[in-house]
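The same chain A turns up in both complexes below, where it pairs with chain B and then with chain C.
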Partner chain A sequence: METAALISKLNKAVPGAVLQKARFGRGGKHAIWIEARSIAAVAEALSSDPELRLDWLENLSVAQLDEALLLTYFVRSRQTEVVAVLRATLALKSEDELVDAPSVRTVWPMAVPFEREASELFGIRFGKGKRETGILPKGWRGFPLRKSYVFPQEFFQIAHSRPSPVGTSDGGSRDA
Partner chain B sequence: MLETLRTDLTSWEIGPYHGALPGPMRMKLRIDGEIIISTDLETGFLHRGLEKAFELHPWPATVAYADHLDPEAAFFGELALCLAVEEISGLDCPPRAQAIRVLLSELSRISAHLGYIVKVGRAVGAETLIHYVLRDREKILDLFELLSGARYSLNFLRFGGVAADVTEGFIERVLEVAELLRARLKEYNDLFTFNHSFLLRTAGVGVITRELALQSGLTGPNARAAGLAFDARKAHPYIGFDKLDFEVPVGRGEAGRLGDAHDRFLVRLRELSQSLEILKDVAETVPEGEFSRMRIDRDFEVPNGESYARVESSRGLLGCHVVSDGGRFPARVQFRVPTSANLTLLPEIVRGLAIEDLPVVIASLDLCLAEADR
Partner chain C sequence: MKSGAFYVSTVGKLLKWARANSLWYTTTGSSCCADEVLNAAGSRYDLERFGCIPQVDPRQADLLIVTGVVSYKVAPHLKAVYDAMPSPKHVLALGACANCGGMFAPEYSYSVVPGVDRIIPVDVYVPGCPPRPESIMNGLIALQEKINGNSRPHFKAQ
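Up next, the complex of A and B:
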């Protein structure tokens, strides 16, 4: 299904949710930008539409661009072969403050591990729940995948960064 | 007077390190007698900050990091990353390099599936089979060594091709090994697949229903065993899989129920057979020509942009979302790994299971904690 037809369906089902259509990658594919607060309603509309039946959240990727988190939902149907890319942005208020986004796990149950990872590593609170934990050790501070993250020198008095025994490298890696 | 066994509810903790587990994870079980009532999973013990590490290293160094996503089938991480970067950069891969990539892809799948047979064999106590299969997997690891110098983490792909041309005699040895394994597959099948004691341990055990597979976003051989025929090599063909003739085996519930541990084993055996066919077809027709479009130096830059590549790893759909801000370092590399879905449904399928079946079910799922925690 063409992206334009998809947008037209979304405009009818969730008026005002679609912000724009933008290119995704080089291959003529498109992403549909949606308002972050409408993510759950858009997910419901896409999943329940009999022509689309976008019932499978294949992937949820989060990236930080400047002062915003970019959420990319790769969605597809097991029945109709329709594939779509949805996008939403969340503005970051400060370096160590959680940001809120609606959860899509009631529509797409497979979203659980994706949301859990993004919650912990980017500091996103999905739905009404708390920030989830499970990857990082208990008591770990900060959101490691945010650009502003500063690597701690120690954790519970265990040092885990030490000077290089061969001196500084000549640009082989970006400073952590 | 009748004596009855008192079966109170008990709590067990298995892990984080235990022989029955596929890697470091903790299972908190509630057990009634010998029946598992509920399970809580704790993972994250193998979190290395891998996706963050990508952002801290120049593009050419990221290939070696992609190797560490799944140590048992390292090639697929490399491939997903390279395909994504090549799409952003507009680099195409020469036909000879494509053929070498297909060979490596299927050799990796065979190696991983043979490793799977070993895991399942160990869980059911089939020691003889383990030795036979490990002996044969060595031949695949020898091929990796002959090609790249490494047996596990190959670090052999480069953006726009492969690191080197095939070594002398490699193609011939691939054909020899494919021929040998074809005969051995029949042996494994005769010895094991419908062996009475193997059926008792696997048939009807650890069933993943089609609905559960759909709900959890399951992919790969485990989903195919449950009746979902999705395979990224067919749905989103890459490196020339669209030109190859192969089938995607799905579960049939031959010995127990559709989607049980036995089906998962059988699907992998059949996939091995398909991979051997692909190997033979490709090895006989590797085109002449260059193996790489350009030499990638340490100052290699990827243009501003993004892409999402999908490959079918030995465990399922492996996605790689790459974002570049135009510099020498990636802005973001994110992986969609197949093990996450398996971990989500694990508590569901072990509920009601006898404790003795737990190691078999865990082995039959082919979990990789390294990729799930990354």
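Up next, the complex of A and C:
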């Protein structure tokens, strides 16, 4: 299905959710940028539409662009041939504050591991839940995949540094 | 020579020889270097020639081969494996990641321990990314020499 047709369906189902259409990657694909607060409604609309039946979330990736987190949802249908890429941004308030995003796990149950990972590593609260943990060791502070994350000098009494290679005096730093 | 001294030195040498030639090993296999251990253990390189038999239970092992990345989350579990081994026990750090963090160096990675020697004592470091089976065998022979009291010359970082 053409992206334009997909957008017109979305505009009918969730008015105001679609922000724009943009080229995605080098091929002819397009991503649909949506309002972050409408993610759950858009997911519901895409999966329940009888022509689309976008019932499979292939991947949810998160990246930080300046002061915003960019969420990219790759969705496809197991019954029709339709595929779609949805994108939304979440504004970061401060370095160590959690940001909120709607959860799509009730529509696409396979979102659970993706949301869990993004929640822990980027500091996102999906749905009404808490920030989830499980990947990082207990007691870990901060959100390590945010650009503002500063590596501490030590973790659990293990110094997070290397001695200088023999014969150098720059501390072994490759950036020196 | 007193007979006691003769006994201790000869039996001691015999014990060292036996230990050096029956290094039963357990391996952590946390990343790609583990494949090279499999190659080294396979029929082409055949680690069993050196008396090295793989063990799944650390309580049956004399040698711990740490292959690759050790994350902070895994560090206490690795220490537990080492603690479960009976003495005398030895550790072979295999590959750049186990030696010093490798490409997951502390400048770039927040989650990888920069060298397994921060957690457990290491006897022999085998460089490479990954080390070839020949290097692994060379590391094992270095360890055997060390157990026999003939350590190779080495230098330490300042």
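We adopt the following convention: the second predicted complex is superposed on the first by the 163 of 176 C-alpha atoms of A that agree within 3 Å, B and C clash if a C-alpha of one lies under 4 Å from a C-alpha of the other, contacts with A are read in each partner's own complex, and residues count from 1 in each chain.
Following the convention adopted for this analysis, a residue touches a chain if its C-beta (ideal position, glycine included) is under 8 Å from a C-beta of that chain, and two chains touch if they have at least 3 such contacts.
All values derive from a computational prediction rather than experimental measurement.
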| item | value |
| --- | --- |
| Superposition-derived comparison: chain B or chain C, residues of chain A touched | B |
| Which of chain B and chain C A:Val112 touches, first, second, both or neither | first |
| Chain B versus chain C as contact partner of A:Leu136, first or second or both or neither | both |
| Partner chain in contact with A:Phe74 - chain B first, chain C second, else both or neither | first |
| Chain B versus chain C as contact partner of A:Ala159, first or second or both or neither | second |
| Which superposed partner A:Leu57 touches (first chain B, second chain C, both, neither) | first |
| First (chain B), second (chain C), both or neither touched by A:Thr3 | neither |
| Intersection of the chain A residues that touch chain B with those that touch chain C | 135-137, 144, 149, 173-174 |
| Chain B residues touching chain A - in the complex, by the definition given at the top | 42-44, 47, 49, 51-52, 55-58, 61, 87-88, 90, 214-217, 228, 230, 235, 298, 305-308, 317, 319, 321, 323, 329, 331-332, 334, 336, 340-341, 343-344, 373 |
| Complex contact set, residues of chain C against chain A | 72-73, 75, 100-101, 105-107, 110-111, 113-115, 118-119, 155-158 |
| In the complex with chain B, residue positions of chain A that touch it | 24-27, 55-59, 61-65, 72, 74, 78, 81, 85, 108-110, 112-114, 121, 134-137, 144-145, 149, 172-174, 176 |
| For the chain A and chain C complex, residues of the former touching the latter | 135-137, 144, 149, 151, 155-156, 158-166, 173-175 |
